[in-house]
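Only one structure is covered here, and it is reproduced in the block below.
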Amino acid sequence: MSGTAILAVNDLHIDYYTFEGVVRAVRGVSIELCRGESLCIVGESGSGKSTIGLAIVRALPPNGIVARGEILYNNVDILRLSEEEMSKRIRGKEISIVFQDPAATFNPLFTIGEVMLDVIAAQLGVRDRRRAYEHGIKMLKLVELPDPERVMNSYPHELSGGMLQRAAIAVALSANPKLLIADEPTTMLDVTIQAQVLDLLKRLRKELSLSMIFITHNLGVAAEVCDRIMVLYAGTMFEEGYADTILTNPIHPYTRKLLECIPRASRRVSRLRYIPGSLPDLKTPVSGCPFEPRCDYATKICSVSPPLVRVVGHRHRVACHLAQEKGGV
Amino acid sequence: MGLNEIASVLKLIKSNPLSMLGIIIVATFIVIGVASPYIAPYPSDAWGYSYNLETRLLPPSPRYPFGTDEMGRDLFSRVLLGARFSLIIAVGVVSIALVIGVVVGLTAGYMGGFAGMVLMRLTDMFLAFPPLLLAIAFAATLGRGLFNVIIALALSWWPWYARLVYIQVNSVKNLPFIDAARIIGLSPVKIMFKHVLPNSITPVVIQAALDMGSAVLEAAGLSFLGIGVPPPTPEWGLLVSQGWALINSAWWLSFFPGIAIVVTVVGFNLLADTFQEVMDPRLRSTMVMRGM
Amino acid sequence: MLLDILRLKMYFPIRRGVLGRVIGYVKAVDDITFSINSNEVYSLVGESGSGKSTVARCILKLYEPTEGRILFEGRDVTRTRGRELLEYRKMVQAVFQNPYLSLNPRMSIADIVAEPILEHTGVGKDEAYRAALELLERVGISRELARRYPSSLSGGQAQRVAIARAIALKPKLVVLDEPTSSLDVSLQAQILNLLEDLYSEYRMSYLLISHDLSVVRYVSDRVGVMYLGKLVEEGYTENLFENPLHPYTQALISSIPEPDPAYGKLNRRITLPGEPPSAVSPPPGCRLNPRCPRFMDLCRREEPPVVEVEKGHTVSCWLYAKV
Amino acid sequence: MPINREYIIKRALSLVFVVLGVVVVTFIITRVIPARPELLWTGPHATIEQIERARRELHLDKPIHVQLWHYFVDLFSGNWGVSWRTKMPVLPSILSSLPATIELVVSAFILATAVGIPLGISAAIRRGSGVDSVVRIFSVVGASTPVFWLALLLQLAFCNWLGLLPAAKRVDEYIAISTGFKPLTGFYTIDSVVQGNIPVLIDVLRRMFLPAVVLSLYPMCLSARMTRALTLEVLSELHVRSSIAWGIPRSRVLYKYVLRNVIAPVVASLGLSFGYTIVGAFMVEIIFVWPGIGYYTAMSLLSYDYPAIIGSVIFVAIIYSVINTAIDILHATIDPRVEL
Amino acid sequence: MRKMRIFRYGISRAVLVIIIAIAVAVGVVGYYALAIREQPQTRKTMTIFASISEMTTADPSTEFSNSIRWLPLVYETLLWYDPIKNEFIPALAERYESRDDGMTWVFYIRRGAKFHDNTPVTAHAVKLSIERTIALGQGAAFIWAPVNEIEVVDDYTVVFKLKYPAPLNKIAASGYGAYIFSPKVVELAGAKNLTDPKVAEWLNRGNDAGSGPYRLIKWEPETEVVLEKWPEWWGWKLPGYPLKSDKAPDIYILKIIKDAVTQERLLLAGDIDVAQYVPLEDLEKLKGDPKVQVVIKPSFQNLLMLINTKKPPLNNVLVRRAIAHAIPYEDIVKIARSGLARIASGPIPHGMWGHFDNLTYTYDLDLAKRLLAEAGYPNGVDRPLLLVYTAGDIYEKRTAELIAVNLAKIGINVEIRPMSWEEQWALAQRGWEDPEAVQDLFLFYWWPTYITPFDFLYNMFHSESKAFNLCYYENQEFEKLIMEASVLEGYDQARALEMYYKAQQILYRDVPAVPLWDMIYVEVGSRKVGNLDKAINPAYPTAVFAQVLSIEE
């Protein structure tokens, strides 16, 4: 492992205990994130990408349980920290998060300011409300919110989605975290607003030298904001590498298919390719590669044993039985 | 509530001893309600067709498990028969209220407009009374009697169902599948009965079934206040209230009928609890089921 | 012309207080004119609140428009009722965004697809169900699933059922209201391909309502761009994408995140500041003026005229008007 | 906290409509449903002349809308009829029994929320634990127990068998008269404190204890149950996780953020619990000889004193509407989303 | 493996602390509530009497109901009557004379008696009081019907001139409508004259205008009435006056406690001193309790079953007789009243003048069946008979059920329907026009306004008494007998008695009603209340003459 890694996730397994059964949402995912780097976790719905984000800040829903693995933040396994240490030392100050639905991230009964001042008081130890307030205004200005004073005193239902998402970013960053997890932060927004927020995140990353984990289902968004991309399918990591490599020269059959599916505004094709079949049920255990039923190249081994992760290039990893044989096609 | 939900309800009931208890209690209640005249050890005591000077006010004993009353009658038989009256009241009240409520709620909810507004304002007028108070006013006006009690409770109860149906219909009627039905060209009546009603009625019907416990409770309250079922009907609330007159020396007269009420209503409430947890998807998603 | 929309307006009253006094209107659609040809895919694009879905609902006669006319094959259907409306219903069908919500959860999928057939054609039950099964097979749902209920289907399957229902009466126009936006990309591709096949097979027209410009570009012949209840630009797909004229269209197209790194780096993004104002009190003049990067004084004063810049490519912007 | 004047005005206005609705409903019940309303109004042993007079006084000889108008006028001018049981006008009797009921219901209510809400919260945050099971069973059983039966049993147990508490009445006359206790406001707790009359205060509290506990049981279970469900619901909401993830300490999230989310709907539901409690007071007051509205109404019911019954029904319904309005306004100050 | 559960630590502990704090607070309050049962020093003697029903009006002229529980303490009549000994106790009239075969009555007013407003009691006040009662015409005003004129001879002599002979001594001793009050009420109430409604309003605000041993000091008719000893009462100073005691309570409180169980409980707890109603089943236990005394006195209240004599098959006297013989009188008394009643013998209660002992029907089912067969119903009656009674009265309820069970044995099915009094009465009223439409059997209490058999016989059985003759019974011979007897009662009691007997024999034969039982009143008092038995008088049912009580500290 590289010494500059700010975050290293090793063999993470997460289960949800639901009414219908145990959902094995994440099955042995490893991540390595260097300081200042941004990593996109890309996957379709149900691939487990958001669960990983929540696990890193230890904010899984009550029925979500980390079954195995470690999450090393600056070489400290945060899964072993107590709740108190987590709150005091990690959350907000080191790692923070922005969620998909900006309206649901804020408690409807409190103004943006109340939440923000609580974060500032708890993490920066600013007990003086005046000073905390000023810091908050500064943060709101930083995310380019017009009229920050009004935003401070607004209830969530009084602000639009775009403004709320900016406010959420401001709150998340108000205690100067080093790592920001952005969990589909633009999915619920319109394209023009999405563009604004993406621009904002890129700018903030640079200005605050943030490391970032960006979770999205949209490869276009991934291409825009990230250095590196990790493709997730059914809780399993399929491919990881630099964004350019993944997007222009993918190895895993799933990644390739995925890219072919997407209709592009930039060019018109006569017919879209698609992946037949549908996602596997996460409640039933899989012995082989989870993509096997839908894969054109599947062989016997694919249904029997799970593929190992192979390094196929510089910081380029693929989990596919065919990867080496095909030699990086 | 489709097959899936029913399946998960059954699953939950199986796994939860409290829900199981609820089912057992409710089933027992219904069985006793139907069969009590045949299974009561002293049927003529149960109906009040007999009296016995020798056995007045005996405390509970193996022969008379709940003791005897001031007429020397077996209280156990009377309490068993009481289940029948509670069952009649519960079913009667709930079904009448349900019919009125569904008609009003569906009409107001789907038709909307002026008629709908008038219907809902009417409903609101009834809802402005505390629960049971309106039933008291109706019962006082109509006079005593099993039928009047049912009518009084039903008249005070339908607005709750009307509102529930109204809310359900409103949440359903703007769903895309209703739009789709309109686009297909179905008539409003067909849409109402084929698409809106089947999709809004289940929670209401379940609620109604579970409300039978409350009906037992409220009917008992009316009896206690002297405006419910008249004696010599062995209705539980009436038995409690009559037992009160002798409670200093014969505690069992009030105690056992009251226990019967509590147990029955607990049964219905346990079921209600189960259904609520199953039907509220937000609670369900966080439901922790271990060892599955 | 299959469908003509002439100066369509849809205002929703805002009521307040105990008496429900009308204190204003949401001008969801404000004076829109366009038409759809036979066997054509026409797309309306725009962000949320632009009024594109409202237009669709007016065409589907789920809303009664405030003003304007809708002509279908030359006949005015704006206020049509009764028999005529039923005839119109046969010819105009729809597919909605969320397939689970657009299928009655209490009906089996065979029932769902057979329903319009039973309602509109005189055929018997057996025949209707036979037809329904055929339709289901056509859209890729096997007969074994016909007795199932929508909740047991996957999103893609459910959307196929909705499509089967929409084409059951062999309509001339199908309104597709965001038909793929609740689906994952892999399923989206399947559905888009299916729609395309059906399109050529049944020789229908589509009105596609979408916010996803990639999808729009992929499927449509002509595109109309909406902003805050107005149609700001309209043209053939290629023309419009290659040469967007309205600053809003330009910004919209440049905002689409592209997975192709090479393209992404070439593309200079035009960002619109701020957010769309409320449709209750739209800004005077051109509605984009508070956010427009190329805004002129005139834009604030007067509404821009519709200018045909090249054949079939019109834009509503002062930049192109000859003053 | 936001206080919206427009909302308050609107609620107050709609209160007027609600009260009018209450009046109309009672009009229907009392004048339209019975075949001969005047017979109900005059009661037993009435002579033909008295019945005729009642007929005129109730304007039953006039068309129905005129009757309704007179009904309104009579109600708002304080003419609520005369109880034939006591031969006293109904409204003053009800008003004089108001303090006793308020004293009892308010203490029951305070008890109910003060115990019910913490119980619900502690059950929710220890979901599935023993505490949770106990709270759940308690809340189900408590809500299923007829209040009159419980009152009878507790009275029997505490007063008859154990002899720990007085059986009934608001105050002991021996103590009250010998210490010169003077009821001023009608709230005996307040009166005794104001007069510094400790023996009376103690006696009053002792006598209030059982009825208040019995009466509080139903709302207590209701609020425990509701609090538990709401807490679970709120805890599963995203904003709880986001607040924690942003670094706000868990205790603060629970006591500040979650609590307010739970309290707001619980407050909104207090009106309904109040409705149950006040009707429950009908039964509890008669058992504990507590001379409040409930006692008055229950007495009237036992002797079918129709004017008194209907008067109490209208009065309680109006109080209930007022309380509900007040609770709605209180709710609006907690929850800014309450629409105008 | 680690379970992530929200709020695992700390917080729930804090909630526990809150709960514990509340529990402690409740506990502390509870402890004080339980532990401190301090009895403060009583400076005044006090008697608390539990009344089952609330008070009615405080106007002595119109009161005809429950206020009799205190009116005789605050107001006085000219005479009191002891029906057991059949003698009169002088009250405001020291003595009286009857002249002209009962057509003229002279009363000599007690000198030195005064009203609570300190004006003296005079013949004038007596005249005005009675004239007001007559003029208002409510309540028991009808008792004065024989009076033609009231003359004031001088301040202390008043003469009543009658239209026909009547026992005016009994009328003047009536528990209702015979109270004398101060004419000053007109002035105090700000009224124009005595019949001005303002007088009644003034009285109902808790004022009194009486001359009795107690004054009204608190008037809450639904919950309590408080009386205070009035030391100026003439009786306290009159040596040897039977209706007084030296240790009469300073304060007398009437507390309205609606049910027998609570009365019993409060009595045992010492919260009240006299309970008028206790569960009769508990009486044996109470008799053994050293803290309490049980006083049992006959009353003139009886329960009858009125039979609809105009509705088939009950219009057949044989059927009525069969019913009369199918009722288990003994069981009813034992079960319904726990033995605290006497099996009725005719409609006139035991102990009253005019009562005869040989008018009881035997309980004989065989005889009943024979009679029924003779009447043409060998297999019983083919339709159920409707028996109505007043809802809420447990004695009536039990009686009704016992009757139903036994009539079923001779083939008569009975449907029991409890009704509110006014429903029941309104229903029964229609019987005169349409006897088919109304009840068959009606459980009915009667007690006299003033003590005469005529009150029973006329009201329930005379065809002109449409309001209460709910047997719809008409018999010329009977009616002639009682009308004559009532006139004779004023001057020839022996002949009157004979005629009353004949009348009752007619009733026994015709069976328009079945007298069931005569009530025995029970009062249970704390031991410290002495003379309780002497303070009760069946002519003034439910009243306790507090001035006679003797309180032991």
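In this document, chain identifiers A, B, C, D and E correspond to the written order of the chains, with residue numbering beginning at 1 in each.
Everything below uses one rule, namely that contacts are C-beta pairs under 8 Å (C-beta built on N, C-alpha and C of every residue); 3 or more make two chains touch, one makes a residue touch a chain.
This is a predicted model, so every value here is computed, not measured.
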{"item": "Chain whose Cα centroid lies at the greatest distance from that of subunit C", "value": "E"}
{"item": "Far-end chain from subunit A, centres as C-alpha averages", "value": "E"}
{"item": "Computed distance of Cα centres, subunit E from subunit B, in Å", "value": "43"}
{"item": "Length of the line joining the C-alpha centres of subunit C and subunit D, rounded to whole Å", "value": "55"}
{"item": "Between subunit E and subunit C, distance of the C-alpha-averaged centres to the nearest whole Å", "value": "86"}
{"item": "Subunit A and subunit D: spacing of chain centres that average the CA atoms, whole Å", "value": "52"}
{"item": "Per-residue overlap in subunit A, given as positions that touch at least 2 other chains", "value": "60-62, 83"}
{"item": "Multi-partner residues of subunit D (at least 2 other chains)", "value": "40, 127, 160, 235-236, 240, 244, 250, 287, 302, 304"}
{"item": "Touching two or more other chains - residues of subunit E", "value": "6, 259, 265, 391-392, 420, 423"}
{"item": "Contacting residues of subunit A [partner subunit D, same complex]", "value": "54, 57, 59-62, 83, 87-88, 91-93, 96-97, 99, 101, 104-110, 115, 118-119, 122-123, 155, 157, 168, 171-172, 175"}
{"item": "Subunit B residues within the subunit D interface of the complex", "value": "18, 121, 124-126, 128-134, 136-138, 140-142, 213, 217, 220-221, 224-227, 237, 240-241, 244, 247-248, 251, 254-255, 258, 261-262, 265-266, 268-270, 273, 276, 280, 282-283, 285-286, 288"}
{"item": "Touching residues on subunit C, where the partner in the complex is subunit A", "value": "47-48, 154, 156, 184-190, 192-193, 196, 211, 213-215, 217-219, 237-238, 241, 251-264, 267, 269, 271-275"}
{"item": "Subunit B residues touching subunit E - in the complex, by the definition given at the top", "value": "48-51, 53, 56-57, 70-72, 143-144, 226, 230-232, 242, 244-250"}
{"item": "In the complex, subunit D residues that touch subunit E", "value": "39-40, 42-46, 85-88, 93, 96-97, 114-115, 118-119, 121-122, 125-126, 155, 159-160, 163-169, 172-175, 177-179, 199, 202, 205-206, 209, 235, 240, 244, 250-251, 254-255, 286-287, 289, 291, 295-296, 299, 302-304"}
